[in-house]
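Naming follows writing order (A, B and C), and every chain is counted from residue 1.
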Amino acid sequence: MNNNDIELNQQLGKTVGNPLVDGIPRMSCQSVDVFYNQDLQAIFNVSVDLAKNQILAMIGPSGCGKSTLLRCLNRMNDTIDGCIVTGKIYLDNEDIYTSNIDPVLLRAKVGMVFQKPNPFPKSIYDNVAYGPRLHGLMTNNSELDDIVEESLTKAGLWKETKDRLNKPGTGLSGGQQQRLCIARTIAVKPEVILMDEPTSALDPIATATIEELMYELKSSYTIAVVTHSMQQAARISDRCAYFHLGRLVEVNDTNIVFTNPEHGLTENYITGRFG
Amino acid sequence: MNDLDFFIILLTSAVVVFFIGQAKARSRQESTSGIRLHSLPNYYGYLTALWTFLPALGVFLVWSLFESNIVSMLTIAKFTQLQQLSTDNLSLALNEIKILATTGIYYSNGDANINHQAAAVYSKYFNHSFNLKILVSTLLALLGFTYTYLRINPTMQARNSVERLIVYVLLICALIAILTTLGILFSVLFESVEFFSKVPITEFLFGTHWSPQIAIYEDQAGSSGSFGAVPLFWGTIFISIIAMMIAAPLGLIAAIFLSEYATSRVRATIKPILEILAGVPTVVYGFFAALTIGPLVRDFGYYLREVGVNLDIEILANLTVSTESSLAAGLVMGMMIVPFILSLSDDVISAVPDAMRDGSTALGATKSETVWKVIVPAALPGIVGGFLLAISRAIGETMIVLMAAGVAANLTANPMNSVTTITTQIVTLLTGDQEFDSVKTLAAFALGLGLFITTLILNIIALHVVRKYREQYE
Amino acid sequence: MNNTQIVQKSLKKRYAKERRFKIYGVFSIIVSLAFLLFLLVDIVLKSTPAFTQTYIKLDIDFSYKVLNIDPKPNYTKDELFKSSYRNLISKALYQLFPDVSSRKQKRALRKLISSGAQYHLRDLVIERPQLIGTSQSVWVLADDDIDTFFKGLIDRNLPEADRRIKDIQITWIDKLQSKDRIKRQFNASFLTSGDSREPEQAGILGALKGSLYTMLVTLLLSFPIGVAAAVYLEEFAPKNNWWIDVIEVNINNLAAVPSIVFGILGLAVYINLFGVPRSAPLAGGLVLSLMTLPTIIIATRAAIKSVPPSIREAALGLGASKIQVITHHVLPLAMPGILTGSIIGMAQALGESAPLLMIGMVAFVADIPQGFFDPSTVLPVQIYIWSDSPERAFIALTSAAIIVLLIFLFLMNLLAVLLRNKFETKW
């Protein structure tokens, strides 16, 4: 380890700010480490809470581990060979990495929206109905129709698509596709929604629509969003976490992070000195 | 001297003139030191060699291809006795004359006197033709050489000329694919047309009785022997269905398992092992089907029959059982096709983007749910394309059915019974004694035409579907 | 009931499905592997009798009388060639079993020995004329039925009518065995002789040579033409041109056309139109090269495509012409891929039999072919011919020939894999 690294480690050290929230958090990470193939550590000792009905924005330069942490929250990392997660991650006071927690059930509770819109090559209706059908969330077809309508409405897509529910979801525009993916996630009635740079593949107008949607959704869901855009983080999030080289450097209420950051690295990043 | 010797001489002279051309270019460069050569001296050599070699070779090859037929025609023209023979006997006589002329061995069929005379004429014409061929080719080679050699000077754009020539040669090579298809059509089309002039196409397509082996007397061609090909079509389809019923699920599920479930190490071990199955020659499968699986299936059939008698089940008790059966052939063919479907399905399944898998997993789908509800539907066009290619392969497979399915044209849905297929009949009709132009032989070409068209359509649809599918995810 | 409970309730069933599906997957793989194993083991087991052959020791009296030649110091080869050696064997047999008298029994006795044994004796005498006039113990080849019985493949408890060997022959064999006059020995002639109607004399050398010549023709034609066609299509063909599309569809289709169709083409065009000799390796090679072409073209195109454009651009930037770029850079870099594809194509051609049946390579050829124009057969077709023969001993020979063929194919594929691994470049 050369001097630079030591300096960096000292600099990164312990998370500053306010990782814990008042009351009972919806989700909580405690001392999480993530390794790929044993020798490559992607996340170092991260602890952070997700409060109910709030949006937590995760920001930081590329490769800082924010997406990795996000994927740990609904155990999507299980699908990657050689990925090991240590530490504890709680959902409503239950450790999601213990053996009696089922990843399928967990993912029904913690939904995820991806960077690139990924509708299935099926009709719009079938895309939204996919989750409820999987989990048997309805007893008959009219109930399913209701779930589809409700989810599409919540995702702000109902008006545009109600006449073309049988058309393929892949035929929609990029922003519509992403809202379809959000509707698809909502249809399972999750408690937490994870979003991995949901607007990075979209144009500014579609981005604005999605941002509005996220703002509306937070009344019913807990949301964690990874974003590259600091403006977006500032606009939509209640709390903001800054990651650097796999460490959580600083986490606090968004307005504090952006107006009065405690850590020098955070300040450098939000003022645009690197990133 | 024979053809091969001349070819070697031609090749050697090409190498020699390469150096001559190269030397002349060099000398020009040095003597008129003011002007630089346009191209490297080698290119002048190449150009000389190509112009010496290519035209001569072209004429030599085309001549060689048609020489034997033309000489035969000239020989026939000399002998009225030969002209009077029927087409069948003429081809037999011609064969004998050729063998007599080239080897001196005589099989005493037909008119020995005429054949001996004809053989002498044939040899004479053949020698003339050969000498003329060598002469013309040599002249062309000399001409090509002089033409290029005289033109060599520093301003000549040798490299460009060589490259243009090479591109033309490459183009001709690429055109061979089209020539092959035309050759196939040419081989089957004329004979098929002749066949259908003797046997009505409706009888061929819809007739249910196939027995071409009935002796066909002269001038009676077509009136005896029946050519209703429905039992053949049925046999082909039936065996293909059995094969696909085995290969489709096994291959597809194995492909899914290897690409979605197996660790990369298991995958890296199992896949090459299964690919061995694809590399085993079909004649080996045929042997295995005929000698091992066939008797097993037969014994199983006897067992079923016994069960049928004991339990008084009429269908089973009256089961026809034979050693050559569609089940044995279909089973083995199915196993042969498994790796084919496996690798095609594996390709299309891997082409489905990971985003689909993630999307489904994040909604709480189990792996098999993701596979059946997202990946397989997404990959369906590619999978179907692969299945079509597999069907085309099953239809065209020859050795397994030839060795294990039998030659009896039964119209039966009993998998224990023997059936015959299009390919089997083509082989049986075209091997053995050749009576060209007999209805029996012509029938084989009509079957060949049917086989070619069927597989062509299947292949084109399948390749198109797979290509479109790939483009979608590229 | 909230969602969690609903999902929880369905989980057990869904996981059962998941497990079931996984079992199907493992099952399919195991079935395929088991089939492969069954196939290989079955063939290996069937082939074992072919590796040895049964010999019988006879006391041959090379007398002048039986050989029907006069005693003199030197013999021409021709004289010795003409003599009758069959009688030597018959006499030795009668001597060994003096109580055999009826004509029928005598014939059965003579049938103990292979009809090829006399030629063996002839060659022996021609090689060492000093044997004439002496009496020698010679191990001669037994007939295939005796061989099959001696290897335990015919049950002696079967009724006499159901087996190809008579009761009396069995007693003779037992007697020979008690006198140590019958033994099994490594079957070298399998690899050194041509085809024969008699299984004990049949070998695969003729077929191997036929395959060699056929493969040579195939390689010499399909490799240069295939690579040239691929270079044209990849580097020179105008893009989005309808007739280039036609060529491409053609090539892809030809790769999937049933092989027998190529046989029909060979019969109609090569043999009947162009007068290529039937049954000759030249005809076989011409047919197989058409079949191999699409494979080589497709593999070559893929290999050329994988050469990064940056290398082309670098060479073009230095003033190289397009042909120079191709011959100096693209082809050498693509060569491992081209070779791998070509070897796989050649392996396919080596195992191909159906189209060769069409062009007469299925004819019985006892002589070993000496060139591209001699009538011959190839290994897979030899397998087909033998598997069609009624004699029991041919089953073992066929299996042994299959093993030889599989070994060749395995080596070729191994070479292809090694080439790919050694030269594989990730750009």
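Keep this in mind: contacts are C-beta pairs under 8 Å (C-beta built on N, C-alpha and C of every residue); 3 or more make two chains touch, one makes a residue touch a chain.
The shown structure was predicted, so the numbers you read here are calculated from the model rather than taken from an experiment.
Trainee: Whose C-alpha centre lies nearest the centre of all protein C-alpha atoms?
Mentor: Going by the distance between chain centres and the overall C-alpha centre, it is B.
Trainee: Which chain has its C-alpha centre farthest away from the C-alpha centre of chain C?
Mentor: Farthest chain from chain C, going by C-alpha centroids: A.
Trainee: Taking each chain's centre as the mean position of its Cα atoms, how many Å separate chain A from chain B?
Mentor: Centre separation, chain A to chain B: 57 Å.
Trainee: From the mean C-alpha coordinate of chain B to that of chain C, what's the distance rounded to whole Å?
Mentor: Computed value for the inter-centroid distance: 20 Å.
Trainee: What whole-number Å value describes the gap between the mean CA coordinates of chain A and chain C?
Mentor: 63
Trainee: Could you say which residues in chain B touch two or more other chains, in rising order?
Mentor: Residues 364, 366, 369 of chain B each touch two or more of the other chains.
Trainee: Out of chain C, which residues touch more than one other chain, so two or more?
Mentor: 7, 14 - these are the residues of chain C that touch more than one other chain.
Trainee: In chain A, which residues are in touch with two or more of the other chains?
Mentor: As it turns out, chain A has residues touching two or more other chains at 104-105, 108, 135, 188.
Trainee: Sort out for me which residues of chain C touch chain B in the complex.
Mentor: Of all residues in chain C, those touching chain B are 7, 14-15, 17-18, 21-22, 24-26, 28-29, 31-33, 35-36, 39, 42-43, 46, 224-226, 228-229, 231-233, 236-237, 246-247, 249-254, 256-265, 267-269, 272-275, 290, 293-294, 297, 321-323, 347, 350-354, 357-358, 360, 362, 372, 380-381, 383-384, 387-388, 395, 398-399, 402, 405-406, 409, 413, 417.
Trainee: Across the complex, what residues on chain A touch chain B?
Mentor: 74, 76, 79, 81, 104-108, 111-112, 114, 116, 118-122, 130-131, 134-135, 181, 184-185, 188
Trainee: Within their complex, state which residues of chain C touch chain A.
Mentor: Against chain A, chain C makes touches at 3-4, 6-11, 14.
Trainee: For a test of understanding, state which residues of chain A touch chain C in their complex under the given definition.
Mentor: 102, 104-105, 108-109, 135-137, 188-189
Trainee: Under the touch definition given earlier, write down the residues of chain B that touch chain C in their complex.
Mentor: So the residues of chain B in touch with chain C come to 4, 64-69, 72, 98, 159-160, 162-163, 166-167, 169-171, 173-178, 180-181, 183-184, 186-188, 191, 249-251, 253-254, 256-258, 261, 270, 272-274, 276-277, 279-288, 290-292, 335, 338-339, 342, 364, 366-369, 371, 389, 392-393, 395-399, 402-403, 423, 426-427, 430-431, 436, 444-445, 448, 451-452, 455-456, 459-460, 462-463.
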